[in-house]
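Labels run A, B, C, D, E and F following the written order; every chain starts at residue 1.
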Amino acid sequence: MREDRRADELRPVSIDTAFNRYAEGSALISFGHTRVLCTASVEEKQPPFLRGTGKGWVTAEYGMLPRATHTRGSREAAHGKQGGRTVEIQRLIGRSLRAVVNLEALGPRSISLDCDVLQADGGTRTAAITGSWVALRIAINKLLAGGTLAADPMIGQVAAVSCGFVDGIALLDLQYCEDSKAAMDANFIMTPDGGVIEVQATAEDKPLHWDQFMQLKQLADKGIRDLAALQLQAASI
Amino acid sequence: MREDRRADELRPVSIDTAFNRYAEGSALISFGHTRVLCTASVEEKQPPFLRGTGKGWVTAEYGMLPRATHTRGSREAAHGKQGGRTVEIQRLIGRSLRAVVNLEALGPRSISLDCDVLQADGGTRTAAITGSWVALRIAINKLLAGGTLAADPMIGQVAAVSCGFVDGIALLDLQYCEDSKAAMDANFIMTPDGGVIEVQATAEDKPLHWDQFMQLKQLADKGIRDLAALQLQAASI
Amino acid sequence: MREDRRADELRPVSIDTAFNRYAEGSALISFGHTRVLCTASVEEKQPPFLRGTGKGWVTAEYGMLPRATHTRGSREAAHGKQGGRTVEIQRLIGRSLRAVVNLEALGPRSISLDCDVLQADGGTRTAAITGSWVALRIAINKLLAGGTLAADPMIGQVAAVSCGFVDGIALLDLQYCEDSKAAMDANFIMTPDGGVIEVQATAEDKPLHWDQFMQLKQLADKGIRDLAALQLQAASI
Amino acid sequence: MREDRRADELRPVSIDTAFNRYAEGSALISFGHTRVLCTASVEEKQPPFLRGTGKGWVTAEYGMLPRATHTRGSREAAHGKQGGRTVEIQRLIGRSLRAVVNLEALGPRSISLDCDVLQADGGTRTAAITGSWVALRIAINKLLAGGTLAADPMIGQVAAVSCGFVDGIALLDLQYCEDSKAAMDANFIMTPDGGVIEVQATAEDKPLHWDQFMQLKQLADKGIRDLAALQLQAASI
Amino acid sequence: MREDRRADELRPVSIDTAFNRYAEGSALISFGHTRVLCTASVEEKQPPFLRGTGKGWVTAEYGMLPRATHTRGSREAAHGKQGGRTVEIQRLIGRSLRAVVNLEALGPRSISLDCDVLQADGGTRTAAITGSWVALRIAINKLLAGGTLAADPMIGQVAAVSCGFVDGIALLDLQYCEDSKAAMDANFIMTPDGGVIEVQATAEDKPLHWDQFMQLKQLADKGIRDLAALQLQAASI
Amino acid sequence: MREDRRADELRPVSIDTAFNRYAEGSALISFGHTRVLCTASVEEKQPPFLRGTGKGWVTAEYGMLPRATHTRGSREAAHGKQGGRTVEIQRLIGRSLRAVVNLEALGPRSISLDCDVLQADGGTRTAAITGSWVALRIAINKLLAGGTLAADPMIGQVAAVSCGFVDGIALLDLQYCEDSKAAMDANFIMTPDGGVIEVQATAEDKPLHWDQFMQLKQLADKGIRDLAALQLQAASI
């Protein structure tokens, strides 16, 4: 049983939007000991595959500092390529954020979300998505305030949270020691009003029943609402 | 509306287990025009991270021939690295198959599943998972028949199918022209009796309602049952 | 001594031009158990080094599925580069086919020949060249039929066959178990009327006499004529 | 002329040794807006080239977050290799720290210093070296306290500072806007008592006189002393 | 017509075995303006695939300095991989030299032949093979003289020369301006007494008649005999 | 103590400007047994980052033949990347030469300096810089003589030499056996009249006193003057 929080409770969440002074938008987000720096960088150019259209693009890259974890991992840049897990996560972040942006309305520019994990204690991808929305919101606010954009291209809000079954109990927002022994790990990327943007659920050792999956969905609804409120508060600063 | 099949109907599925004469197990699986060659290769050695344990491993690699598609794609080997989509898919195949194998019971050996798409018309990852189970089942049958294994390490059956909303209608087993305009694309990797191994759902343009996701789940249940019957038939030859 | 065919006899050869539905031309060619899928993809653009000229280009890429062979080989895309043998073979295929195409008459477009070995039992490079000519012939026929080309840029026909000395006997079209113990392995890439496009002969353990090489040439003449007839038959469908 | 500090004055320097909770030693060091996270990771294994000796090793890796700078730089891991500047800097950090460690006394283990630039405003390599000494000192203190080491292998203290000529004036600790127009950029890696560990001086547009170089050396002596005092204070916590 | 030599004449050939002072054997060989430095390096270890056998190995690597040619080529090390032409040539050199060495008699060691083109005017691969034999002969002589080897593992001599048809005339030892307009380019790797080790002939624009190929073979016989005499002279110093 | 030269004496230096017949400028420079081939290649195009300006660029690449050294090193092109030492050295060469060229006056063209070490006995980077100046001077002389340039863009002369402390004695121009046991290794890149272009000094085992560094500077002054005279003599041919 969890000692310091209820099964349906998030870890303490904080969002610092002033840690980086150069990015158009940024958020240093913490889910407990997990700490991810998310920056949104606006560039006035389109990716090659959109040339000739008026559309913009939102993309994401993800990385982890070698000693973000209990034991040192290898540095991907030194190794010469990004691992499969990194590729999978950064594609997920990009898809999730694009789902709440009208790319035509964004116009012929690109926004890159860089999510760098400074410390990892489970849930880095969900923290990255949740923080990236804040960074993106701030960056787009600047484009609106500066007159680069006349109308808001953001069509929604998105947050993400993990849930899982540990020792037969459904838990919200797994930390590493829980995640490593979970029978199912599910990530919910949703809107505050319960809209589905992406859902990924993976059984670890053996298949799970569908009603167990539905229990996790219940927890996620609550977690997403809580995170969404914190996002709005951080972005409005 | 679909002209040649109902919304809840699979495309014609065929599974040929004799196409490759060298692999311990193989299945050339077709979902309509999608055609994936799945081979299972047994090697009597463990991956480095399992040395010193008695456990085995099941892993997967995925590839697509350059002209499997309407227009030629670049050859990943010539390009010097596997793309993000490839990495994501092969990790999914590996996880899905490991979920139905007892790795301790498999003993100190590795089974590699190679899934090569000879022709692609949507649903290549679900065809790959469904065919891989057949190839794996045949390979393990050989290990049992030859006395290398005394007890069956396979603890279940797994099949996969895609579902999606196209023009407001929930469809089973999307082909390419449907997939490319789907509002949500979901892949269900499940057991014949409805157990969940992996679920991935992605909204394309805007968030979807949860009850829409549930409609897709209904379709998937039917599709998985149909595929599972075909797998058993193919593997028993 | 060969049990099932004479020393100057090819293995059973089949050419299926309908296996792939997307490529402009294709041929699934079998030399006994060796099976290579050759596709010809036409793209209406020139390679960079021909910009500013009116010339076209024909190029080739070669690959082998990991389990095309008795024991699994590593996947070149996963490994991050093409091996030396692959590079050597795909350059040979490209040179051989360019020798029978008038590149000025082809005009400012590229044709890529992809040769993927689905199963390997010796002679994959000769099967690839022989099948590629069929795929190329069909693709160019389509350009002529569709009016993209007014005159035929193909100036000849090319086929390829291997020969070798095994236990002192000159053999045509080596299969793997013969090839692996051959004292000399020679590949002849020729026209039906005996014109030389490329010849490569390699002694394995010790130098051979020139008259031995000439015996192999005699066998090749016959093999090329037989293959050329089968090519014409396949391409005319 | 500098507005906010004297020509021979450092920027405000802070060293936080509690930012990372997993590394054996760490220091988040700031030189003004430049902010580098330095972690020291101890591993009980030798690099391959020291096998068979009793010696240990100290090495360093350096990286910069894509949006550490005014405009976004590319992510080296995504690009597939470390740039020349990165390679040069991480080799410098490694040499500098090894110069104050007795590798025999360290015994058969490795310490990796990871220096990740979270924000860059000039002087990232000097901040990295100065912070790495703190992280290393703390990590070795833990090895001593835990009994892994009986005697201290550290034989000295090292700090680093940059100096340069801007508009004819010698300045200590250049920030980016100064560095980018400096006629000479010199980095001094020294001990508190003036011992030389590494000196690198580069004239930008035209050669400089030796006595100008000597002026920079004077500034560096002062800067090193100030930094060394801050290092001791941080490491003693 | 050639101005300075007959059609069946080699360019001036020189072989300097003292250019490199470190290698066990070396030869700086010139075919006219083509100049290749060949070194033979002996290492007392086997390649991984020979472990457990008593056999040795001979391998080759080939490179060209960026400005060996009229216009600068890119540096392969900077580019990150060896080009297809390089790979093809170094595999040819290795095969050719292994054909004259008894690998069992060589014992459990490796000899690496490095062929670096300092200046290129056609025929670099044939110069490399011819020079490598000299370097290898000298290196093995040292192993014999030093008592490492009791019996000579070299079972023959090998030299190489190119021939081609230019403007309808068969020429021996093509220089660059001839090679670039040759209708057929053939490389003969042979023993002094006419034994065939490797033959590669490529028609450039259209197929050639077999009797043209035979004319080239006649020229090659003469060239090989001349080169073989020069090799013996150089290696005996 | 040195047997064959005084502590403040260079090794025999020779500069051959006729070794390469294709480059616009070249110098085969020897410092004792160290031998580096430096070529200057002029290309009438700018690097991408200078497009739109009228400026030119001077860059350098460095390489070492595998058997330039006592034992064979791996070939960087085969390995797939340049090592850290190579990258560091070629950046140093490029910076050093750019410091004596007015890039505006050079106009919209690039000069590549290729420094390939044919034999290495210490001091390869200082030989490379010293020889590169000669190659560059000759190449620019040709541009001036041919009328491509109206005014000389070279604004100075640069040479380089190493110095170090070995067994307590300051030595000029270290050869390998000295360099490998030096307590400090310093490279001085200077103008003949004592101007500083780049200085790099590294203590090996423990920090050195500043006055020891100053002793090395004294030796360097003499060495640079001697080298500068030899450069002028070589370039004037």
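We take it that a residue touches a chain if its C-beta (ideal position, glycine included) is under 8 Å from a C-beta of that chain, and two chains touch if they have at least 3 such contacts.
Remember, it's a predicted structure, so these values are computed and weren't measured experimentally.
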Touching subunit C and subunit E alike are none
For subunit A and subunit F, the contact-path distance works out to 2
Top of the farthest list for subunit E, CA-centroid basis, is A
Taking shared numbers over all numbers used, above half giving same and below half different, the subunit A and subunit D interface sides are same
Whole-Å distance, C-alpha centre of subunit B to that of subunit F, is 59
Per the C-alpha centroid definition, the whole-Å distance linking subunit B and subunit D comes out as 50
Subunit B and subunit C have mean C-alpha positions lying a whole-number Å distance apart equal to 33
Where subunit A touches two or more other chains simultaneously, the residues are 80-81
From subunit D via subunit F, the ring reads D, F, E, C, B, A
Subunit F contacts subunit D in the complex at 81, 84-85, 87-88, 90-91, 95, 99-100, 155-156, 184, 190-191, 194-210, 212-213, 217
Within their complex, subunit F touches subunit E through residues 19-23, 26, 33, 37, 39, 41, 43, 61, 63, 65-72, 75-82, 86, 112, 114, 116, 118-119
